[in-house]
Structure formats: C-alpha cells, structure tokens
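Input: structures, listed below.
Below, chain A partners chain B and then partners chain C, in two separate complexes.
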Partner chain A sequence: MGIVQRKDLSLAERLYLPEVVRGLSITFRKMFEKPMTRQYPEEPLPKTEVTRGQPRLVVKDDGNVACVSCGMCEAACPAYAITIDGGETERPIEREPVRFEIDMLRCILCGFCEEACPKDAIFMSDELELADSSRGALVYDLEMLKRPKAALQKRIDYVYRLNQRWRKSSSTS
Partner chain B sequence: MTTTTKVFEYTPGANLPPGDDPLHGELMTLNMGPQHPATHGVLRIVVTLDGERIVAIDPVVGYLHRGKEKSCETLGWHKFFPHTDRLDYVQPLMNNIGYALAIEKLAGIEVPPRAQVVRVLLMELSRVMAHLIYVASQSIDLGAVALFFYAFRQRELAYDIVDAYTGHRMNNTYVRIGGVYADVDEQVSAMAARFVEEFPLALDEFEKLLTRNRIWCDRNRDIGVIPRELAIAMSLTGPALRGSGVEWDLRRAMPYSGYESYDFDVPVGSVGDCYDRYLVRMQEMRESIKIVRQALERLQTVKGDVLAEDRRFVLPPKDKVHGSMEELIFQFKVVTDLRLPRGEAYHGIESSKGELGFFIASDGTAKPLRCHVRAPGLMNIQALPRMAEGRLFSDMVSLIGSMDFVMGEVDR
Partner chain C sequence: MTKITVNGREIEADPKQPLIRACHDAGIDVPMYCYHPGLTPVGSCRICQVEVSQQNQPPRVVAACKTSVAEGMTVQTDAPKAREVRRECLEFLLKNHPLDCPICDKAGECDLQDYSFNEGQGCGRSVEPRRKLHKRRSLGDVIVLDEERCILCSRCVRFCGEVTKKPQLTVSGLGAHSVISTFGDRPLTGNYQGNLADICPVGALTLKKFRFQARVWNLAKTRSTCAECSRGCAITVEVLRGRQVKRFRPRYDPQVNQWWMCDTGRFALGPVQQPLAAAGAVHGGRLAGACVRGPGGLARATVDAALGAAREILGNKPAPLVLGSPFLTVEEGRALQALAAALPVAAGFVAPPPSGLADDLLNTGDPCPNRRGLTELGLRPVEPAAARKALATARAALLVGERVTTLLGADELAGLPAAVRLVVFDTQAHALPGLDVCFGVPTHVEKSGHWVNVGGLRRPLEVALAAPRGVAPLETSLARLAQLLSTAGARS
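Right after this comes the complex of A and B.
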C-alpha cells in the first residue's frame, strides 16, 4: 500500500502566472509534434487480416458458394442478423442456401458466424464502409455477400493460424 | 477486515451555511441532464438549490436501460459476450473477462497459463484506457481543454494496440470461455512494449499540467470528501473507495488470473476528496503499466494454448472439424447447446471503476436462469447526494467526474 502524496502549493504555484508560462510551454511544444489525426475518407484505415469487417460468403474456385445452409452461423449470431433458407442441390453436398441474408444494420461484426461455420463458408472481410439511403438496401442478400475465395484468403489463413491449438487428438476420436 | 458501520442521518440542508446569500431561503429545483455534457452519458440529476448552494440532489438512473441482464437469459451463455462489451464501453475487454471468469468458476474450467497472462495484459491496458477517459473528461469538464486532447492521443495509441490484436477498436468480443480468442503475436507485443515505454512520459506531462495547477487544485481539493466509514457504508469500490484511504483491491484481496504473482502497489488516498481520487487514478495507471511490462516479459516465457481444451465449452479447431465427426458434433453442441452445470457462481474483478461482478445462475439447460451484473458505477452514484450536499452548484461537475461512472454499465 502506498499513500498518494499531496503537497501544498508553493507561493509561485499559487500566484499562478509563472505556472501559466510553464503550462503554455508544454502546449507550445505540442505544436511541433507529428499530428495523429487521420484524414479518414481520403486516407483509408489500415486493413490487415486481423481487421474484422463485414462477414462475406466464400465462393469456391468452381463458382459455387461453400455454404451448405446448415444454419450454424444463424444460431451463433447474437444480433439475429442472419436469415437462411436452405434448398436441395444436385451437387454432392446436397444442400445449398436459397436465401442467405445478413442485415448489416443488425450485424455487430463480432465474428461468431465465422467461428461457428463448419464449412469455411463465411469469413470476416476487411470491408468496413457501410452506407446507403435506405434500410432495405443494407440487408445484403446472397449475391451481395459472395466474394471469391482469393479475396478472403488472407483472413482464412489467419483464422487457421489461430486455430493451431490442441494438437493432441480428442479422447474420443 | 472488521468494520463498524454507522447509520448516517440524512437531513437535506442541515449543513448549509447561515445565509448572507440574498437568494437564501428560496429553494429552486433544477434538472441537470439526462442530456448534459457533464453527466457522462444519460444521467439525470434533480438538484434542489438554495441560491448557489446545493440543498439536495437526486440522481435518476435508468435512461440507458437496455435490459442486458434479461438479454443473457434469452441469448444463452456464449452469445452474451458482445453484450458485456456494451456495459462499460470504455473497457470492453475487461467486462468480457469478468463474465468469462464467472462462467469458468461455475463450470470449473482451468484457463491455460498463457491465456491468463494475455488476460492480465488486456485488463491492465483496459484500465489505462478507462482512466485516460477519466482524466480527459474530468479536465475538459473543469476547463483544461488541451489535456483532453493529450489524453485522447495516448488513448488512441492504446486503442491501436487493441485494434491490432482484436481487429476492432471498441466492442472487441475477443475473450472466450476458457481463454482468449487469439494469441498475442510479436507485432502486438512490440506495440505494447513501445506504449509501455512512452506512456509514463506522457503521464508525467499530464501531471505537470494538472497535479499542481492552481485551478485544478481549487476545483478538486476538499471537494466531495467521502470519509472512510461513509465510503465503506456506501459500498463504494475502486478508486472511489481507495481515495478515501481504504486499501481494498480485488487484485490483492481475492486474486484472479494470477494477479497474486505480479508486483504492483495499491495506491490509496488520505483525505477522500476529488483530488485524492485523481491522484489514486494517476498512480494506478503507473501501476498498470508496471503490470503490463511484467505480463509482456512473461509472454516470452509462458508458451502454450490460449484456450482451454474442454470440448463442452470451447469450439474445436477448424481443421479438425472438417476431418472428424466427433469434432463436428462438438462444434454443433457448443454453438447451439452450450450448457453450464447446475448451480450459481459470482465472480468480481477489479475493473477501472471498482468491483465489477457477474452473478450467474444455471439450471443445467442451455438457457441461463439469471445473470446479474454488479455495476460499480451504480454504487458510486449513490454517494453523490452525500458529497454534493451543501456544496456550490459548480462543484457538481467535479463530483460527477471524480466518481467516474459509465452509464452503459450503471443502467445496463
């Protein structure tokens, strides 16, 4: 335990004027420091693989979405932003989403959908800007969410790197 | 610790000076807030004035009530994490950790050592960020505008670290049951190391501008004195309690996340006024930096996973999910049906505002029975009427600022 020291002010400090000069010297020096302000729209934010922007759906190299509409992301979403209707498909995976909507106004960019997806179909992109003139336009549908796998590759690699844990097998498998 | 509690008589206006004030005797009721820049969010204070003197104040909370505790019951254990971010929104990671600790206590999960070090690092960075908001807002409320910018500049650097680590500046949601989502990599620890080197210098500068500044002293010294007994009786915690000279810090008193093995001091005040609370917070930032430095050192040596291997509560690694049916089932179970054992648990952590506690009760199903947040700010607001009584109206701003509450947490 340490008791914080409080000393009485000296005469010079109580007179205040010398203190004004001392204070101004600090503010004066600050003028020559490098400004930290980012001129945002002109100067874009730094984007790395860590950046958690809006979730996007992965389109595999064969042109199909990787999603099998299992509904895990829907179940994991704390903001109830995702709506999925599944349908059948001729492809061997048998199911694909007919409707896949993310309400970007509800989405809080938490990344739970990315974590929950067992098919590597949804990942957080580095797209952050979100503006439109109507609410309806910000409910993104399947077409607007699709991104080629290459565009998300950095993030996919990053997530896999994070998942390098528990290298022992589970007791049951 | 044995304490004697005293019942305090509360007679509005009892300690007013006899009036030479021409307005004396005619009471006026004034509404301060809920939309007032100095009330730090949406706090409404009904002030009864006798001239310039405060006769009584009545803080009205609840303007930011969003039903967070109820949300937990409908969302489930895991999905409540993003909501904890939004309690005390200046230190989201700290809230995440407090909630995770309560769950881990109930479920009996052992958090890996490296995750504990990362958590300590995050908690102390959060404390610095939250205290910086305090200095910034207190100084701009009392007229020192330049310091507001200097403090926010430093806070920005701390946010950059958090941004590089979590990918978000605020509302990070990066703590999981059983650890943290990601490990702290080289780049982030280098940023933190640089911050640890540079920040104390900035802190010296703040102190140069404020600590012995005549105006700052006049507006903080002997204002809002909370005597030791009153502080305990009002169940204040955090810097508000320590400013009154009570050495009570949960990091020391009931250590969690390995705090017992870190070397730091608990600063306490001697008078219990706004100035003491300011000094305590300034010193706490220095102590936090000390802890961050130690945590960074430990990150070099303590290796391993940052998530506990417990498939009941933690998602299995992604690549395993593709290859193994069992892991896929675990994945489904954790996402859709995360159950805690039947029972209840409470865990309090020393947040920047005081004891932030989470009480959770589970009936063994995936639906939480109850989640209660013990918000330190709510208790700290309760001391306001006792502090304000008989003071000048202009002192209100110092008092509100020095109690340092965030309404998101108070109203929940």
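Right after this comes the complex of A and C.
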C-alpha cells in the first residue's frame, strides 16, 4: 500500500478554460473527419473468410447434403446446440440426416463442429444476424441450414489453407 | 487352477480356458476380434498376440486365444515385440477396411475402431486401392452384411454352428476374394440372428431395424431383464436422449443367457415405444394419468378422483375379481395381494398359454416373465379363457398391470355383459363398454423391481426411461387404493 500524494493544481489547470478549448478542438476536428462508425444494419459489416458466423451445411454439387449424420459435431458441440437423427438412403453413401437441428440461441459460434466434421459438411458461414419473435423459430432445421457449396467456398478454402499442414486431400466428395 | 504371471502379476487361471480368458478375467486388456468367450477360438485375426516365456525358454509371441495356460507361464502383454506384431496385424486388417466410421453404425462400440485409435498409425501406407465389394447384402429379414467392412474373423460362422447349432454362414471364396455368405445365398433363418450383429467386432453385420437409428454414444444404457418370456435374459435397455428406447441388447449373465438373447425379445420394442395419447384424450396412445366414465363416456380425471371412483366400484360390488398381469414385479404383486386382502378376495394373474416360440436355447415359450415370482407370492395363474369365463359372471373386476387388457383379449372383454364393471391399470385405456376407471401405468422399462425367472433366479428391472408425467408407480397407486378400500370398509 502506498500513499498517493495529491498534487496541487497549476494556475492553467485551475483556470479550466485552456483544457476546455483543447477538448473542444478535438471534437471539432473529428467532426470533419471520416466517421469511424457504421450505419448498421443499413451498411453491413465487413466480412472476411475468417469471419466465424453461424454454422451452415454444405450441399454438394449433386444436390445432396454432404452430411452423413455421423454425430461428430453433435458430440463436439460444447453448447449442446446440435441434434441429429440419421436415416438410410439408396445412394452409395448410405446415411443422411433426416433431422438436423441447430438451436441458434445455444450456438456460441465456436466452430468446433466445423473442426470435428469428417466429411467437410458443416462450415461457419458469414451469416451473423439472428433475430425472430420466438425461440422456436431460432431452432434451425435441415432446410434452413442448407447452403450451396459455392456460398461457403471462401470459408472452405480458408479452412483448408489453415489445416494444410496435416491435411493432404479433400474428403468432400 | 494354474498359476501364471501376467505383466508381473501372479494370477490363477482355469487350465481349460485359453490364456486370453485368464488375462481378461484378471482385468488385463488383450485386444481381440475373432475370439469370443462364448465361441471356440480359431486364431484367425492374430490381434491377441502376447509374449509368453516358459521354463527358461526364450520368450515367444503367440496368439493368446489359441494358447492354453501352463503352470509357471510368464506373459507380457505389452512387450515391445508383441506390440509390434499386433501393430502389423492391425495394419493388415485395416488394409481393406473402408474409412466408413462416420457412416458405420458400429462406430463407438467397434473393437477395430477402438484399437486403431489406441494403437494404430495415423495414416495408411498402402498405395493399392481397397477391395470393392457389396456394401449392402441382405442376409434375411434381420441382418445386413457390408462385405467391405468384414475382417473375416468368422465369429458369425462359429455362432451359427456352435450356439444355434444350425450352420448357415460360411466364408466363401479364396484369399483376397473371401467373403461371408450364406449357403446357396439363402436368407438366414432362426430366432437368434440379432446376436450376429452383437458379436460382429466391426460393422459388417448390422441390424436392419437399428440401422442408422442412433449413434451408440448417445444411448443411455440401463441394466434390465427381458420381458418376452419366462427365461428372464439379462439385457441392457438403451434409450436415446431420455425419450425413446432404441434397442435391447443382451448382457452377460452366466446363469441365464450367457451372451445371447432371442430376436423375439430383442425386437419387442413396440410395447415400450407407444406414443402418448393426445392431451385430454383417453384413447389412441398411452394414458398419462387416469380416466373415469362419466355421462359422456370415458373422460380424463385426476388420479384422486379416479381412485375415489375405483373405490366406489370395487367396494360396493360383491367379491370383485382381482387379476394381475404377468408383467407385475414381485413388489407390485405384493401390493396387489395387499389390495386384494382389503376387499377381501384372492388375487390371480393372467397366464397366457405357451407362445409356440419355445426352443432349446433360451426362449421358454412362456410369455409370463414373472410367472414364478407371482406364483411364489401366492397369486394363482389363470388362463385368459378361464379368466374371461370368471369375468362374465362377476359384477366388478380389477385388472392390474402392463398389457393386461391385450393378454385377456380386448375384443373379448368388449363383449362382456354390461353388468361387469372394470377398473383397469394398464398402459393405455382400451375402448371397452365395461371400463369405468383406468389408470396409466409405467412399462417394464420405466419401473424398478424384480422378476423371478423360470429357474427361480431373481433378476432386476431398473428405470431406464422416466415414466410419462402423470404416471405414478403401480405400487404407489395400488397402496393408495388399498388404503381407501380398507378405510371405506371400516366405515361401513
């Protein structure tokens, strides 16, 4: 514990006026500069490939969702936001999700699902906005989560670049 | 008993059993694919190799499943040489095994996956493509074979030959073209096919009914007893997300069922998967609560009101018939007897005739899981036909327990004389003209208690799934009704 000695104010400080002038000069200078703030939501935020928005499911070029409902993301999800039920298909990849729900109110956008996915089926999109008038409407189902691969391509490329040290080839078919 | 030393620990081993069994019994982990304690060892997978030295000889690496124990044997399961050999075996087993784990139903309970995770290498060295074989070969109504995943351990072949004693499967083809197939591609038959999916160490044999239903790590497992016959096989009830029973699997019980169970019991999921009746509705599903006949027919009522109505009916009519279901636990049987004593009448239980499913392996063909327990309590078994005859002349009856209405025959009960008034404790309220009061009861996976099997062995039931809201334990409801009846009797 130290004792703080309060210094006496100098004459200029006691006069108060010079400091007011100095402060106002900053105010007036900033008035004519380019503003730092944005008119959100009219003016959207800048998005880059690093943006980790809400998770979305990749729809492959053949029109099928890449997810095979293996449950890895469900197991990895620290917020228990994901619920998956699998089903059988006649396609060579025998399994597909019949129910894939992400409770967006629970999702903490951590990206563990993206990391856990062995099939490159779930990626963090650049979609960040989330609003509705009921909680139920914010539990996104399979149809609401599907995105064409092209819409997520930037992020997919980024994740591949990020992981290329230990990842040799794509597993998305 | 023979004394051997495993990893520096001296253990006692049964000389009739192979070395791997001695290690497992002592809690020492030795991997295995082709070995199964219930089947003859063949030593085809070679993954159980351990280092054994005997009588000052240099140590040798041998397959633990094909080696018998000998006095003074020294075993090192983790010797560098043994590990190296096992790693090489694993690499060969994985050479043609597809990377299907995300799709495979076995993932999570797969021996190959577990051991590859623990001891395998990160990536394959093989440059040749994997074998391309049938991914979905149907072997009858129960089992699907994925030939690519098969590691040819031949457990399934031996199961058919040794346990069911009806050889139906074989390894056909030679060398790299070997696959598991049935004789003449005929579908599998028999009541024990489900066990093939259990004993398959990989995901090659899977159950058609369980295929892609759930990931196994999401299933909460509770020990219980099979309800479909009086054998009382030890089972595990597996529940998905606390809501639905997804499968029954056999649990090792040396005195009852060993490792096996029949398909009748395995797939008897219908009675425990019934949906609830709609809110406020009486029929069309399980009754969560109680219902009482009013002027407009059966209507939902509080349990207290329904208990009052049941007391009116049972207390005012002479000598009501008291019949339990064979699914009652010993504890519930006792509560039913106490209730019958308050009336006072003798209680019985519905004992349907043999189902015709009896075989010489497990199924006894007697559909009463607790026949012995209830009989020992003093409840007399009554055939459904005799019970219906007695009901036709009674004025009132109390029918208690899961499936009691269907066992007696819902259609026949509907044809009873109008004078017979029924108080029923069942999972659902059937549309019977004589039904005045009905209470919902828990199913056998929703209650705890004991059944006594055909051999007189007391086997537990545990709560695998919470009963629907509003469904009280049967013992509690019966005790409350008995109390109401005895106080009413004291007053009159």
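By definition in this document, the second predicted complex is superposed on the first by the 156 of 173 C-alpha atoms of A that agree within 3 Å, B and C clash if a C-alpha of one lies under 4 Å from a C-alpha of the other, contacts with A are read in each partner's own complex, and residues count from 1 in each chain.
To be clear about the criterion, a contact is a pair of C-beta atoms (placed from the backbone, for glycine too) under 8 Å apart; a residue touches a chain by one contact, two chains touch by 3 or more.
This is a predicted model, so every value here is computed, not measured.
**Q** Considering only the touch criterion stated at the top, classify A:51 as touching first (chain B), second (chain C), both, or neither.
**A** first
**Q** Residues of chain A touched by chain B versus by chain C: which partner has the larger set?
**A** Touched residues of chain A are more numerous for B.
**Q** First (chain B), second (chain C), both or neither: which does A:23 touch?
**A** It touches chain B, and chain C stays clear.
**Q** Based on the superposed arrangement, let me know which partner A:72 touches: chain B (first), chain C (second), both, or neither?
**A** A:72: touches chain B and chain C.
**Q** Is A:93 in contact with chain B, with chain C, with both, or with neither (first, second, both, neither)?
**A** After superposing on A, A:93 lies in contact with chain C but is clear of chain B.
**Q** Could you say whether A:118 touches chain B, chain C, both of them, or neither, answering first, second, both or neither?
**A** After superposing on A, A:118 lies in contact with both chain B and chain C.
**Q** Does chain B (first) or chain C (second) touch A:110, or do both, or does neither?
**A** A:110 contacts chain B only, not chain C.
**Q** Identify the residues of chain A that lie in both the chain B contact region and the chain C contact region.
**A** 72, 75, 118
**Q** Over in the complex, which chain A residues touch chain C? Could you list them?
**A** Those in contact with chain C are residues 68-72, 74-75, 83-88, 92-95, 118-119.
**Q** Taking the touch rule as given, give the residues of chain B at its contact with chain A in the complex, in rising order.
**A** Residues 75, 78-83, 146, 150, 153, 156, 164-168, 171, 173, 181-183, 205, 208-209, 212-215, 217, 221, 245, 247, 265-271, 275-276, 279-280, 282-283, 305-307, 309, 311, 315-322, 324-328, 330-332, 335-336.
**Q** How about chain C: which of its residues touch chain A in the complex?
**A** Residue positions touching the partner: 101-103, 107, 135-136, 211-215, 217-218, 241.
**Q** Would you tell me which residues of chain A are touching chain B in their complex?
**A** 1-7, 9, 13-14, 16, 19, 22-23, 26-27, 30, 36, 48, 50-52, 72, 75-79, 108-112, 115-116, 118, 120, 124, 159-160, 162-166, 168, 170, 172-173
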